[in-house]
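Two complexes come next, and they have one chain in common, subunit A, joined by subunit B in the first and subunit C in the second.
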Partner chain A sequence: MSKIIKNLKQFSTSNDRFEGAHLLCPGCAHSIIVRELLNCTDDNLVIANATGCLEVCTAVYPHTSWDASWIHIGFENAATAATGAEAMYKTLKKKGRLKDPDKPVKFVAFGGDGATYDIGFQFLSGAVERGHDFTYVCLDNEVYANTGGQRSSSTPRGSSTTTTPAGRVSYGNKKYKKDIVAIMAAHGAPYVAQVAPNKWKDMVKKYQKALATEGPVFINAMSACTTEWKFPADQTIDVSDLGTDSLVFPLYEIENGSKLTITYRPKNIVPVRDYLGVQGRFKHLFKKENEHIITQMQKDVDKKWEMLQRREEAGV
Partner chain B sequence: MEYKGWDQVEAGAVLPSFEDKNCDIVGQKQEDRNYAQTNSYTASVADWRVFKPVFNKDVCIDCQNCWVFCPDTAIVSRDKAMLGIDYDHCKGCGICAEVCPTNPKSLIMFFENEENDEVLSQWPEKKKKEK
Partner chain C sequence: MAEKLQLQEVEVWDGNMAFAQAMRQAQIDVVAAYPITPSTPTVHGYAQFLADGYIDGEFVLVESEHAAMSGCVGAAAAGGRVATATSSQGFALMIEVLYQASGMRLPIVLGLVNRALASPLNVNGDHSDMYLGRDAGWIMIDAFNAQEAYDLMLMGFKIGEDLSVRLPVMINQDGFITSHTAQNVKPFSDEDAYNFIGEYKEVNPMLDFCKPVTYGAQTEEDWHFEFKARQQKALMDSLGVIKDTFAQFEKLSGRSYNPVESYMMEDAKVAIVALGSTVESAIQAAKDLREEEGIKAGVVAPRVIRPFPLLEIKEALKDVKAIATLDRSAPGGTLGMLFNEISAALYQNDNRPVINNYIYGLGGRDMTQENLKEIFRDIKRNADEGRLVTPLQQFSGLRGPKLSFFN
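For the complex of A and B:
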């Protein structure tokens, strides 16, 4: 049974289950994303958290910020821990050894982009293949932010990170961002979606759908990082707005591995240049010799959007 | 609360969020909950702030944008009305002031050492739209 959320005023009557005074940076989008997931449901939650910013900052001994069952597990196996708990829950239910068997319990795993795209990828793939009933949320800030900003396979081309610094010779990261949503959809997961914190209603809808879906669900959440993307702390929502409006982060969902639906179409599509311009990590791209990277990026984004629109039209 | 030394901490730790085990988390408001000392709600990050948001009740339209976008659960909102800011948990990031849609804004960032009453008495006037 999911909670019905009609508008923001009604949503604001939810009792918060994610407490303040965690140690995430001021203006971090991680906590906005996580808070909404915890507030959008009345069910009990079992949460597994991979190592990363979110884990390090919300469970600093002797404090915890979670008003739900929460476990910290290694960098790679958040998906495995959540599915293990789910398997145990099902077995205990079958044997009739649960105290309150009618109360719904949802299993959620959180991981950063490092834990999802790189280190925990095999484990996530395995968990989805086994078909457990759980939701995996990837907090995608496109960099290993917790350890000081090394590149991950989610880092977009042209981004300057500590391991791919931009300078006289290099324009930053040379590799393209991995399309994780397409990969997870190809696993045949019943529900795969991309969300952004600035579109809260779209996010809540997708979360509720994800929790209600039986089977493995993958959600990729854009999480603007003030420290590594290098913008002022109060600009988090504005930068996310630019990300979704320039279609660098298109919001869409894929059901049963094939049926694609675009959930947000910006009224005015912003050029990618505007999105890059507000972030310090792309500052060097505005030099004369690097302009071709921006042009290329705009072409890639347009191509992707065209592809999404055609796929939606065709319904495959 | 007694703090353990680094060499006394056992490997693996369980931190209870509440004192009573059968806490109805979904049904209880934050002020009614029986928080354990290990819940970060009992801690404070007030000393992180350089700027603080100040809330002006007269201009607020209770749209709750600040509530939904606050990363630190520091906006106190009860029964669809915005009540104020929880200065124990606010880190002063300024997102709430940025997303506030009213004119003039009902949340504005000020220096931490300024007095709230003084600031409220000099609240900016409504700006006219530039044509």
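For the complex of A and C:
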């Protein structure tokens, strides 16, 4: 059952199933993304969490931030942990051994981009291919934040990370960010979407749709990282606004592998350089010799936006 | 409800079918599995039972062995009976999650059909995979033939799920020699088998939403040590439950199991210590040598590998003069596991026999009667001299020049 939340005041005063007491950095977007998911439903929840910032900051024995059933196994296998539990639920339902058989149970996995795009990719792919009824949310901060800011296959081109630092002869990461949303849609999952915490109504709507969908769901959530993106902790939402309004993080959904819908169209599209300019990880791009990277990024973003709009129009 | 299967009083099964039948009778709630030789027929057998309506649990066909064990952990934490089977490389891929399963105290049962580890790639039986898992915090039990594979798989659920144990259990059998050789097996009826194991008893299930639980929390130097100490205590204490389960099983079946099996040890002067199907071969060699050459030979086999039955080993080998420890795994620059552990146990005795080590049967190389007799003759010389006159470690059954170490 979806919880009906009409406005921000009601949202801010609703019961928390993800407790505010945790060790995430001040200004970390993870907690917004996770809290909204846990609070958007009254259904029982089983949550699997990959190793990463969220996991190490919310379940340090003898404390837990989770007022829900929660499991963490390893870095790579959150999808499999969730789907193993989902398989057990199906069996116990069939065998009549559930304590409260009428109350729906939702299975959710959280993983960072390292856990999702890289080390857990096979596990995610397998779980989605098998058609388990679960929702996987990637907390995409485009870097291995928990281990000290190394690049992942989600790190955008031009970003300076601890393993692809900008230097005298380097503009930082040379590789392009992997299009995980397209890859997961290609699995034929019934629902795939991209969300951002600054657009919280859009995010909650997609979460509720995800939880109501039967079958595997993948959601990629932009998670601005104050520590590794290098911006002041009180500017998380401002930076996120620039991310969605520059269309570096377009918000859209894909149903049944093909039907694409754009869910947020910025009234004023801001230049990509404005988004880059507020983050220390891109600072070096504003040197004269690296300006071409910014130009290329703007072209890439424009091209992607064009493609998304055409696909939406075509309904494919 | 799943259909019952009518079984004959004596069935002709190989070790894999013995595993699959015991898994069916245990009415497992979730099996997550991935194919690998030579354990694949266990999974095939289980799939066929499912297809024929004899199983009503979920069968999750994952994309790797790592995912198989990960799915088992998720399912077991949700609250229900869980098992899988694997071998060799698949087991190696699971290793990370084996430690998670035991650390979370989840009574998952794993049928491990022993096979060599690459490289070079090899599909045949040795104990490299079994040895790789021996620090993972699992209860490890070894079956020497198909009947034992069936019996011990049933007992595995009862032992691991016992409320005072709550640890995962690994049942080993030799790849091909046991897993693919048809033998007579006396099964229980479905009712008797299930009643022996009993209903699954839930402990902190994730699906009990009145009491949400957190599995797999983080601990550092403040708590990790205490968790691991409690886990070690539970594993050490499980030997009592294992013995009780063996006793209950004997009442029901007439088949006797012990933490350490001893054969012809009443008057033995020399003994081979081995695992797996080699135990039966060594018994045959000992019998023949007693008749043919008057060597008072015996065989000792750890049925339970973890927890290590140290006191039972001390007792079983207290009167012999010389021992050969036979390890079917490349020891990686030291003496074999059995040598090290048996020596450690016997060092506590006043009477310290002469003990040496043989590495044999790697990659499925046959352990012949002649090899075994040669070993018995070797250690008879050690016994007669009262000191080591053979190399401390040698390779048995190796082609080319003899190879020995620690001479």
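Convention: the second predicted complex is superposed on the first by the 312 of 316 C-alpha atoms of A that agree within 3 Å, B and C clash if a C-alpha of one lies under 4 Å from a C-alpha of the other, contacts with A are read in each partner's own complex, and residues count from 1 in each chain.
One rule holds for everything that comes next: contacts are C-beta pairs under 8 Å (C-beta built on N, C-alpha and C of every residue); 3 or more make two chains touch, one makes a residue touch a chain.
Keep in mind it's a predicted model, so treat the numbers as computed, not measured.
Touch criterion met: A:M88 reaches subunit C, while subunit B stays clear of it. In the superposed model, A:K177 lies in contact with neither subunit B nor subunit C.
In the superposition on chain A, A:L24 contacts subunit B only, with no contact to subunit C. Of the two partner chains placed around the shared chain by superposition, subunit B is the only one that A:A233 touches, whereas subunit C remains out of contact. Looking at the shared chain after the overlay, A:A68 reaches both subunit B and subunit C.
In the superposed model, A:A59 lies in contact with both subunit B and subunit C. In the superposed model, A:K199 makes contact with neither subunit B nor subunit C. When the two complexes are overlaid on their common chain A, residue A:H284 makes contact with neither subunit B nor subunit C. Residues 59-62, 64, 66-68 of subunit A lie in contact with subunit B in one complex and with subunit C in the other. On the subunit B side of its complex with subunit A, the touching residues are 1, 3, 9, 13, 15, 17-18, 25-30, 37-45, 48, 62-65, 67-74, 77-80, 86, 88-95, 97-99, 109.
Residues 8-13, 15-24, 26-32, 35-36, 42, 58-68, 197-198, 200, 226, 232-238 of subunit A are the ones touching subunit B in the complex. Contacts from subunit A toward subunit C in the complex involve residues 44, 46, 48, 55-56, 59-62, 64, 66-74, 76-77, 80-85, 87-92, 94-95, 97-100, 103, 105, 122-123, 125-126, 129-130. Interface residues of subunit C facing subunit A in the complex, by the touch rule stated above, are 29-30, 32, 56-58, 60-64, 66-67, 70-80, 82, 96-97, 100, 206-210, 212-219, 223.
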